[in-house]
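Got some structures for you, see below.
Consider the two complexes below, in which chain A is the common component and chain B and chain C are the respective partners.
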Partner chain A sequence: MDTPDRDQVTVPPDGRAPQDQPKWRKDFPIDWPQDEYVSRRDLIKFIGLTSASFVTGQFALVVKSLFDRGAAGPGAQAIASVDELAVGETKLFEYPAGSTPRMLARLGEEHFVAYDQQCTHLLCPVIPKVVDGKFHCPCHNGWFDAATGNVLAGPPPRPLPRVTLETRDGVVYATGIERRTS
Partner chain B sequence: MAVPRDQTFFIDPARCIGCQACVQACTECSTHKGQSMIHLEYIDRQQSPQTVPVVCMHCDSPTCAEVCPADAIKRTADGVVQTARKPRCISCNNCVLACPFGVPKMDSRANLMMKCDMCYDRTSEGLKPWCASVCPSQALFWGTREEIEKLRPASTPANTFQFGNQTIHTKVQMMVPKGPINLLDMVASLNHTSVSHEVTDDILMSNLFQPDATF
Partner chain C sequence: MKKPDAQKVRFTRERKLTIINAILIFVVLIVILQLWLLTASMNALLGDDHAVLIPAALVSLGCLGLNAGLLWFVYRID
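Let's turn to the complex of A and B:
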């Protein structure tokens, strides 16, 4: 080819020189080589802005978690009486009211645990298999330990968020939510 | 590779015999099988059987690309205006309405504008476009200007068209009778009563329709 790739072959309808054309014409060129061409400055700008937005997002998450840690939880809420559940049974509840479903399980006579019902992988509801001491997410075959909420197998990246419990006078209260990363 | 700069289409409507070979050849191309990118148009169906093959003229300032709101119609460095980019085309029909030559057609099943791209897969490799390679009367000729001038001494290639206030220069050349023509005014020609459409073959007429005064 006798001309460099980026030479403009298309003539604007008004016939004026390329430098006299409006800016949108440079941004949306008709010529294929110009459309595909990315200048070094544009590339650096794109990389810089993208990296900066990622960094800002990370800092925003850090600040948000600091604020969340300082804030008071939803408070205590009665979710079930001790007699309501036999050993091995589970009950769904909302804590605080209007939240996504959470799950109370009675593992032993005095042993109650409560977790989010949503799998930490893609938010499918997990199925309790308390007899085996496990929770099972059928979507991608994820397994959680019933006693701790930790991941036993499958794709979930984090343990199930735990609801801290307190038993007073035969009533089980939810007192807080504990989000864990490992 | 790119389409050689000195090679282009030369369209000679006067040589078109309406055999549809170009349409068939285009339809059979595997890059757009079943769909012809070339149209064979009647110039004035009521008056004459004269047809003209319509390929994309590959304008220097492509109106189809100018009006495309999705930035889908692109022109390669060798001056060939390509079919709309499939991921970008929103099938808005702007190009179909805007093209002064009536070239782009909307494939409504594929939601994609498809048009003649001068058989880019072939011409960029040094081959002739399908239509030019099958045209028996060479109304569609692919080659250099020197070749066509040697072959058609009575004609001259023209590539400037006037549509109202819009002047268009094209990559594809139209063969016109030699003379002081350097610009084809399309709008004016609509109002112009031409003699070229009328068949004045006296021998044929006299044989077919015997004027019988006694009848």
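Let's turn to the complex of A and C:
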């Protein structure tokens, strides 16, 4: 049922009914109530575009994951000799060569662990506090467990990526990188 | 068959504004859900958890379809 618009104040110069006006006149109204309507409609349109861009991003992640799964691992690489580190000490290394720094820590006589040095929050370098059994990111006070790389406190969303190790003939080898969500 | 213009239900501007405000709230909620999906998927990808990516992408696509439907309705009541 048609009822007259109470908010229609301005009469178009050609005198025709509002619904018979050209599109440009409907899109650039003079009266406030109509302007509110048009601006909300355009906001919905803009949010629709944002929604489309999120979907694009989502599918870009799927494509990236397909490429990542097809890539081969870096292989084994000697990173330190067993005697090089005393218990509680750490050493920085690159694995593979040219990568971001990773750190090897000796937690016990036979217990070596290695992780990315970058915090999973905003990629600040983490500082080893092996004596306390922790790694600390000073940027936003993030704490990781030295034995597992899991998040103990602070904003990091994921554990530190772990470098898998193998000890052969007194040499510690990095054999792969293990990323986890929890 | 298409309805002739005379039979179409026309809303007053006040009613249209109420409808469009309701749709706006729905659309914003859907986009917030999509944003959450994207951040969760990014976190999963960086943690090498590839299993959730395709379902998340499909749900996000469904949200876009819903948003497109609501936008279509907005233009229909115009």
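The criterion applied here is as follows: the second predicted complex is superposed on the first by the 137 of 182 C-alpha atoms of A that agree within 3 Å, B and C clash if a C-alpha of one lies under 4 Å from a C-alpha of the other, contacts with A are read in each partner's own complex, and residues count from 1 in each chain.
Following the convention adopted for this analysis, a contact is a pair of C-beta atoms (placed from the backbone, for glycine too) under 8 Å apart; a residue touches a chain by one contact, two chains touch by 3 or more.
What you are looking at is a predicted structure, and each value in this text was computed from that prediction instead of being measured.
Chemist: Check the residue A:G57 against both partner chains and state whether it touches chain B (first), chain C (second), both, or neither.
Modeler: In the superposed model, A:G57 contacts chain C only, not chain B.
Chemist: Give one of first, second, both or neither to describe whether A:T100 is in contact with chain B, with chain C, with both, or with none.
Modeler: neither
Chemist: Who contacts more of chain A, chain B or chain C?
Modeler: C
Chemist: A:N141 contacts which: chain B (first), chain C (second), both, neither?
Modeler: A:N141 sits against neither chain B nor chain C.
Chemist: In the superposed arrangement, which partner chain does A:R41 touch: chain B (first), chain C (second), both, or neither?
Modeler: A:R41 contacts chain C only, not chain B.
Chemist: Pick one for A:P33: touches chain B only (first), chain C only (second), both, or neither.
Modeler: both
Chemist: Counting only touches as set out at the top, which of chain B and chain C does A:P157 meet: first, second, both, neither?
Modeler: second
Chemist: In the superposed arrangement, which partner chain does A:T10 touch: chain B (first), chain C (second), both, or neither?
Modeler: first
Chemist: Considering each complex separately, which residues of chain A are in contact with chain B in the first and with chain C in the second?
Modeler: 1-3, 5, 7, 33
Chemist: Quick one: in the complex, what on chain A touches chain C?
Modeler: The contact residues of chain A facing chain C are 1-8, 19, 26, 33-34, 36-37, 40-41, 43-45, 47-48, 50-52, 54-55, 57-59, 61-62, 64-65, 68-69, 120, 157-158, 178-182.
Chemist: Could you please specify the touching residues of chain B with respect to chain A in the complex?
Modeler: Against chain A, the touching part of chain B is residues 2, 5, 60-63, 65-66, 71, 73-79, 82, 166, 169.
Chemist: Which residues, counting only chain C, touch chain A once they are in their complex?
Modeler: 9-10, 12-14, 16-17, 20-21, 23-24, 27-28, 30-31, 34-35, 37-38, 41-50, 53-54, 56-57, 60-61, 63-64, 67-68, 70-71, 74, 78
Chemist: Where on chain A is chain B touching in the complex?
Modeler: The touching residues are 1-3, 5, 7, 9-13, 28, 30-33, 35.
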